[in-house]
């Protein structure tokens, strides 16, 4: 169960409202790198957590922190929109100044649909989409998903930092960037706690590895045609990260044949011409 | 530019077609853990790659391999569907045997929309969605995104392995599971090549860390109310993974105040009652 | 800012796990009538609230309650899935018992993507979609949106109640149905507080009504062709709900003409034939 | 069955085409508050109507009216786009004047995809989404859904009214705003006809209320932590709207315990470390 | 403007309600081949029609017919659902008969969300999506889009015909299949009227063809690697359909070089390692 | 299986980077007329091809070509974005020049999410959606779908050609427009190869036409009310395109009656008032 206190985790202030920046902030609310996503992701991982209970608790706590980040960012959007079209109307001399203000880079739905407030959408107005809530039931997979979310989230926050000169907004972003620093670390720390690469790879580590086709488990397959430069690096030679084999570089050649499907099922109503003998398919030559 | 040879990377055969399994395989084609996603993800990362060219090449090669995995899985779907309603029709005694066959666990659109073939959708028929194509422009963030995709992808393949008894399908999955083993490794190997945690964290490592609010950069914030167990672990004590600080456990308290928004903008047409003095908002008590 | 205690608002227990019911419960989690939607809807209304502060507080409190409902339902899903394919495997004699179990009515992604836990999706596996988070900035519109959400939500919960015989699940639903009873009331109580129909209609009540085309503001337009029964009721006669006029029944006739668009813009590359004189468009007759 | 006459329900004229306003109008066509939504919503409610036939007829008539509103708005979009890039090209001196025109606030897909016409999308270009078509089978729930749609729809139309100076557009909006006035009233009039709050609440009123957990059916649950202001109002005291009880204010405390899930199912391939005894989960302390 | 008469275009009757078939019918309502799509597609093409007015009229008429097809199919869904769980409850002996009925192949949301009626979704419950409403502003492109919609629509109806034994449903489908026959013809008849291939190709025919890179305008590019069979047919030799050139078969070779992007923009916060000299990218060899 | 060479099919160069044009190019990448769609569409048609193998080969080759078009366009986006905010920052004098640059018409997510590279989205930032991948299993339907995709794709490319003055971009588009010319032809050439209208219509031609309701198979139904102009043309008279009948013009009248649904199912929890005798539904009059 959950509780609120109505206060912000960190102060949110805007000295010079900028409706264009209000649009950009939407990415941090409803975007794929945004706070609704990480909030629901951590909470769903917690709600479905099986295994050591401390990870459930850890996820609940950080998921709960993220609700407050949505709150901060939604507040930041609202403050950046305050007085927008009105102020613009006074300032502008052109025809349709209000349109100019609304269209001058702000998300029109922040005005049209929300009356000058935040939406559950990204910077292009695309609604938040629950399929980004990764909660696989595999702890290591989830930790990498979380580290990714915080890596792209921190990158987003740094880019937003570049796009504002407002001291209040910069201050808020300094806080959020710092939190993303810690959140990256804490999810990767779980990987360390589980034994690092050797303790977790390949994910899932509970599948008996002898069952997979181990001949190709550590091969970097090269799909370039003849004459194309071959990428080489840590992934083409030396001991594998899990310590179980050596990497190999291998030019990929097909191990299978051309697939052969049965003629169309009559009930599926292909064209009649598709149901004829396929050997009658006309001339083909070989290159 | 790209080329094909029309052969399968690895043989795909089905001994006992099972239209229900054809539905499950859709998750590996068009699902968030599926092959369309990783294919486009690696290709888009390659197309936008800036920095050392070998990563562009590496991404191109593996992205090209993944097109062939879509081909293998789509072939597996088609083979599992061959003869489905017809076979079922003969076997069934109940009314509407064809409906029974179509609805007996298969994706109805594999018949209705595709005439017994694969769709660009997941196991619930939800179409593939391009927002899952992560290509952030930050190499470390992308490598973690890729490792995540392969971790959830391999987990998916292992779960599919449990859900079939068909020797052909098991063999194909043994191959795909092995490839996911390598793909996890190769993306994480790039992280190693970049210096591991100390070389990459916090992501992005090009943002000057002194700018962020370093007081909270290594603090695990606890959001439980009084009396709730506190999670402890590698993430609450000891040196941080990036080697720059120590983890701290901290009970979260609000640093900000209750947010205060301006009255509604008249042009946004709130209800008249919202525009009155907010101090006249009626009695509230304190708990 | 938000807090958790890790306990459930109301006990969730399942006597006989039923993976099919786990799928149905998804509608109450990620469906359009579900808890993610109302949770985010009330929180976003709170975060953007302008006007009397008590409504912000009221929304915050109920939005926070709803996070706990997501928690309860996600727990119910996980409990209904416990042991699913394993139990089925033992019980079943047919080929591919695991497929049978997964496909026997459960959401395959609860196994394939979540490892036997809840998803942020509806009963058909369609991901939660943030466009259902209504927060218009107009208090009366939002209260009707909220009452609607709770009306459809309670209807959903009653329907779910019909679909289970499990005493634990019935008990949980009795609680959720009761909460929806109150939530419907509380949002409509705000409408009463604002003066009911006369105090709030037409929404928004801040737009000067004399500006609209009042000749048609209280007319029920009938669009049936000749001979079709005319619906009559409270909406075709008597005083309007807002007390400002009388309802009238009116057969709808066009007040406008056939629209006439300009020829295609050359830069938009219509077919050449579209750019010719439209009067040369060939014979048309009048019926 | 349906018929057309090719004329507009109300005149649509544009004196000064404004491609930026054409983008904003999209919200009234394909947005969640828009006309495609209400059109399909009323028609689907009619097509599935059970119970008194007059509501089916009423819904059919207004649903049919709404098709004509889509027609009016799509015409308005087309007229606002007429000559757009061409006119801009002549006027502009900067490089790429056509790009400037297209990007100067208009929806680029109105040109790129539609050749200067309306799309079935909202003001951000997000396609219309059928999940907003609410038709619950419960008449009262549907009437509130309809009243909400018209309340947000009229708010949207009023906001659009602010964003244009064109006399033709203002005239069209005056008509649409007036129709929304009536449509709000007519759906709420059905609620009155059904007996108002006492006749309809709680929705659905056919579920035997003694079955729900009536102890919490009229309680406003307060989820603030200690020291937080408690919202009070019509919803915390006095007779309930349905006349069956009194409202109560109640501080929410968990009635359930911490949920306990079973260990991971082996077939779901969690990490091995998750399958160990969860009591061995390492130290946790109590705050 | 539009009108209704409340009657069905063709009789819809169901002798033996089958909730599983009700799910399949959803594809014909809200699927990509379904009636909502063609209805809106033809109406939007009409609303934005520029050029000869008869095409606007033709589109309006058929678009209006399609509204009635939605009505027929939605009625068919409702009739197939009548009494579903109740009937099943009586018949079933197993535990949770209602769940069995709901899950036995029907769309659970037809019960949960719609109370036994049709949804604006497809056979997998995926909501109708307005991006399938093609209205390009180019008459020939639109006519091919319409012919495609009717070709896939008729194929769908034929497949549905296979999936029911109900005489009423078969009769309704016989009507819809016949209408699709005509609709395919009428859109292709417009192509004939415009001069067929020579009068319309390449679409758009208003772009001056000498501007395009005519050297590759009639070449079939072969992308197979060496040794792969070359497809040959009407498209590799003989006069082109538009009569302007001859088809040629050509092995595709790159005309461009490896793309070279600038180093990352500092404000975009790539990893520091990406900003180094790309020539220092480590060893690559040539295959 | 697939291969790459890392070179571009045709040179992509940008003389004057224009971030606004980078946004417009997104439509050609991830839009419904774009290259991801045709690439996957042709490949999925190939992977599920049944019947003459040459069509599988033909589809594979062109699908493989299209991967290279995605590569070209993604490269074009990246090049148009090079140096964007930095250059703008130097040039601009206003406050927040970086915001101005990002918001001045470019897709903000190209910076925020991709670090100055292409997205798998359209010109409005809407992610690519796999439901546009048409692969029906019927060869003729698929060929028309492909011709449509190339017709709208070429129209899009021509419109983009209008929107740039950059010689490099114009050159690239000249190539893509030419390829679309051929691709339209090659899909329609398959129709010719199958016998044209008479060989393929009605699609599917394998459904026994005597089964459909042939009385209405060649009738153009007119849905206008009295007095409305009747569209006439090739589709209302003369021999049908398939040569099997004559077109007829017919005023549409309902052949069915008003639909009558059963009372609500009790378990679906309509309002009690809906379950009463529907004959008691109050007065209705006839117009």
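Note that the chains are named A, B, C, D, E and F in the order they appear, and that numbering of residues resets to 1 at the start of each chain.
In this text, a residue touches a chain if its C-beta (ideal position, glycine included) is under 8 Å from a C-beta of that chain, and two chains touch if they have at least 3 such contacts.
Keep in mind it's a predicted model, so treat the numbers as computed, not measured.
Looking at subunit A and subunit E, the chains in contact with each of them are B, C, D, F.
If you match contact pairs by residue number, over half of those in D-F turn up again in just one of A-E, A-C or A-D, and that pair is A-D. Between B-D and A-D, more C-beta contact pairs join the chains of A-D. Subunit B and subunit C have Cα centroids lying 27 Å from one another.
Subunit C and subunit D, compared by their mean Cα positions, are separated by 8 Å. Residue numbers of subunit A whose C-beta contacts span two or more other chains: 1-9, 32-33, 47-48, 50, 54-55, 57, 60-61, 64-65, 71, 75, 78, 85, 98, 104, 111, 113, 115-116, 121, 124-127, 129, 131, 136-138, 140, 152, 155, 158-159, 162, 203-204, 207, 222-225, 227-233, 252, 254, 259, 261-262, 264, 266-270, 282, 284.
Listed in rising order, the residues of subunit C touching subunit E in the complex are 16, 18, 20-21, 23-24, 27, 31-33, 104-105, 122-126, 152, 155-156, 159-160, 162-165, 223-225, 227-229, 252, 254, 259, 261-264, 266, 268-276, 278, 280-282, 284. Interface residues of subunit F, counted against subunit B in their complex, comprise 1-9, 30, 36, 40, 43-44, 47-48, 50, 56-57, 60-61, 64-65, 67-68, 70-71, 74-75, 78, 113-121, 127-131, 133, 135-138.
In the complex of the two chains, the subunit C residues touching subunit D come out as 3, 5-12, 32-33, 54-55, 57-58, 60-62, 64-65, 71-72, 75, 78-79, 82-86, 98, 111, 115-116, 126, 129, 131-132, 134, 136-138, 140-141, 144-145, 147-148, 150-152, 154-155, 158, 161, 174-175, 177-182, 184-186, 188-190, 192-193, 197, 201-204, 207, 209, 211-225, 229-235, 240-242, 247, 252, 254-259, 261-262, 264-270. Taken in their complex, subunit C has these residues touching subunit B: 1-6, 47-55, 57, 85, 95-96, 98-100, 102-104, 107-109, 111-113, 115, 121, 124-127, 137-140, 194-195, 199-200, 203-207. Residues of subunit E that touch subunit A in their complex: 155, 158-159, 162, 222, 224-233, 251, 267-269, 282-287.
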